[in-house]
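Data block below; observations after.
Letters A, B and C mark the chains in the order given here, with residues in each chain numbered from 1 onward.
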């Protein structure tokens, strides 16, 4: 069943066009990757989906047209965007950050057990649960941002450059947790990554963007086998 | 036609025409109009000083009226005691400058809000002090000085003579101000305004430039005080009031901050708005002033000086075909990609 | 000695008025990053609404409740319609926008009621109670108690309730908060509405003493600004403590230091504020701001 569908989506920053005719699909329980170099338009694609950028074309989530909706409206439909730069609420404690993530949940008990799950997924956060989020390291903040997204019990997670600025071992740990989340919760994902090797641990298929256009796409096996992809992205 | 307007020749022509206008105006206008125009020069100098610290320097100052008032009191005192006018002028500039410098030396390391609060304190403390030290200031009634009458050889009436004196002095200050802001100091202030930490790494001491800017602003304020007494022939504690400081900040932003022409437009706004609002309905001046102020801010957030730019922007947009993916409906926001409803994180 | 204690209690009372306004200023600054110079004028307009209602025979308590609700709604609307587009932009322009609101709202009050002061009924009975030989006016006590209750309610709101958490999140990072589904626009409006309502409390508390007029809170506003900044602009408790200190110092200096007397006593808190800020720039309770380049 198709959960997310982009058709001929375009976006521009002011007068400069950044995305051209982007079309792809994500099915339920599916994980798709968006790969490409810096400035290719990967993050803009996620922002287009979560409503942070206005777009042309059509974006449908669960059959419903979501272009033109506000980000908080889109989030309430079940899309959790973990943004580039993490969007940490620095003045709030780690626990409060997680509570914000669970804002739409009505039942208090599920919030508590969800927090438990997140702390199990990211044990580093457990000792820092009462600290101000701004005092966390880069890796911990990334984990917190992902956990905050999980707290919303979303149907679709948009993950933007989760490995950015992280030491390789930390990035590995983050992606192991994401892979585990995928297995246990079955939530659909769209993962933007410059580091294709990390992305392919989780995603089944991917598109490759170059200056705002899709230049390659296909299942993991096919892409990993291609020389261009290996040379440009798997090495990093 | 467009080329003609943006061409260099036109600019020179416009400049000469405006100067000629200013030189000839007092000969044909009423004393009242001359008075108003002279006040524009007076407040122009004060607002220019304010612009240097606030518009160019990025530091909010709500105390400019304290320096204007201090300069005015120095001038009034000196005139009343028959000191030579040149000495009076120099002291009217120097004493507020020294006071401003001392305050800045103590306070310039503070972050923006704290320093702004200290500038607020200046008029608040100044007004009761002015009332208290009545031997120097004439107390709550203020000090009246009758001076600067037109000499016989000029063949001018007093209001015309004062207009010219004040305009020439103001013009000198504007030239100085323009050179300061276009030169090295102006560039350093721009860096400090954008990001103090970056300025430090470039060897630009934010502290030193803030002290400098504040001293210059106070000096200009004091000079404006001298000019004020020249035109109004009177000063009182009201001149130093917080209310007056607020008016100057409003005028600066309305005219266009960090702009020389904007300063003049702001001074014109300051002088003429109460008159116009009073004409429309004297009991509703506040209501009208507030509405006009908000309207200008909505339509021209960068001030009146940005009017030509805005008009050309709007005409370009209507010529372009509709249906561009991102419509920038919030002219404030330089990040056009963000959906307008949600403001950037407060800094 | 009794006189001294009386002065201190009176100082607490006037300080509470400044404190209520200061709380409103802190609230607006935390939620939208702006210093609202019109906070006093907004409060005065709401107080005038209460005044108008009492003139038509409505009981005072009801009039105050209506004024409170009016302030909340007006504050929220002002944020959405006037202030919203200037948030996150040039701070100088933002300051002037609030000054424009100050002028406009004062003008509305003046157009409606004129500039002369009018008497305003008091919530509290006149008279004092005798505590160990010190006579403390009921009005002062009542003012202090109401401020304390307001502070407590605000603390509860922000620390315990979900909506308080949401407001804190939006104050921290509105874009990120929206990605978690928080209704950012609504929460910004609530911030301003709540602040305006707080201000209206200050207005109705002080109006019986000062007589209501469009400029009634102009002076209190400057004190409230000083208190907010002195307390560290993001600290509600700091703002109130600073406000109390200002109220007390003003009273004591005016009474005890001869050369200051009545006319200069308004200057004393500002000199104090200047000295404290120079010595401790982040204010009494503020956090040191670490600037990341």
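Following the convention adopted for this analysis, a residue touches a chain if its C-beta (ideal position, glycine included) is under 8 Å from a C-beta of that chain, and two chains touch if they have at least 3 such contacts.
What you are looking at is a predicted structure, and each value in this text was computed from that prediction instead of being measured.
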| task | Treat touching chains as neighbours and tell me the shortest step distance from chain B to chain C. | result | 1
| With chain centres set to the mean of the C-alpha atoms, which chain is at the far end from chain C? | A
| query | Whole-Å distance, chain B centre to chain C centre, using C-alpha means? | reply | 30
| From the C-alpha centre of chain A to that of chain B, how far is it in Å? | 50
| message | Nearest whole angstrom, what separates the Cα centre of chain A from the Cα centre of chain C? | response | 43
| message | Can you pull out the residues of chain A that are in contact with at least two other chains? | response | 52, 70-71
| Multi-chain contacts in chain C: which residues touch at least two other chains? | 171-173, 175-176, 178, 184
| query | On chain B, where are the residues touching two or more other chains? | reply | 338, 341-342
| message | Under the stated contact criterion, what part of chain B meets chain C in this complex? | response | 54-55, 58, 60, 106-107, 109-114, 116-118, 120-121, 124-125, 128-129, 131-132, 195-198, 201, 242, 246, 249-250, 253-254, 257, 283-291, 293-294, 297-298, 301, 330, 332-333, 338, 341-347
| message | Please output the residues of chain A touching chain C within their complex, sorted ascending. | response | 50, 52, 70-72, 75-76, 80-81, 83, 87-92, 96, 99-101, 103-104, 148, 152
| Which bits of chain C are touching chain A when the two form their complex? | 162, 165-166, 168-169, 171-173, 175-184
| said: Show me the residue ranges of chain C that touch chain B in the complex, using the header's touch definition. | reply: 29, 32-35, 37, 82, 84-93, 95-97, 99-108, 110-111, 114, 171-176, 178, 184-185, 188, 214, 222, 225-226, 229-230, 233, 263-264, 266-267, 270-271, 273-274, 277-278, 281-283, 289, 291, 293
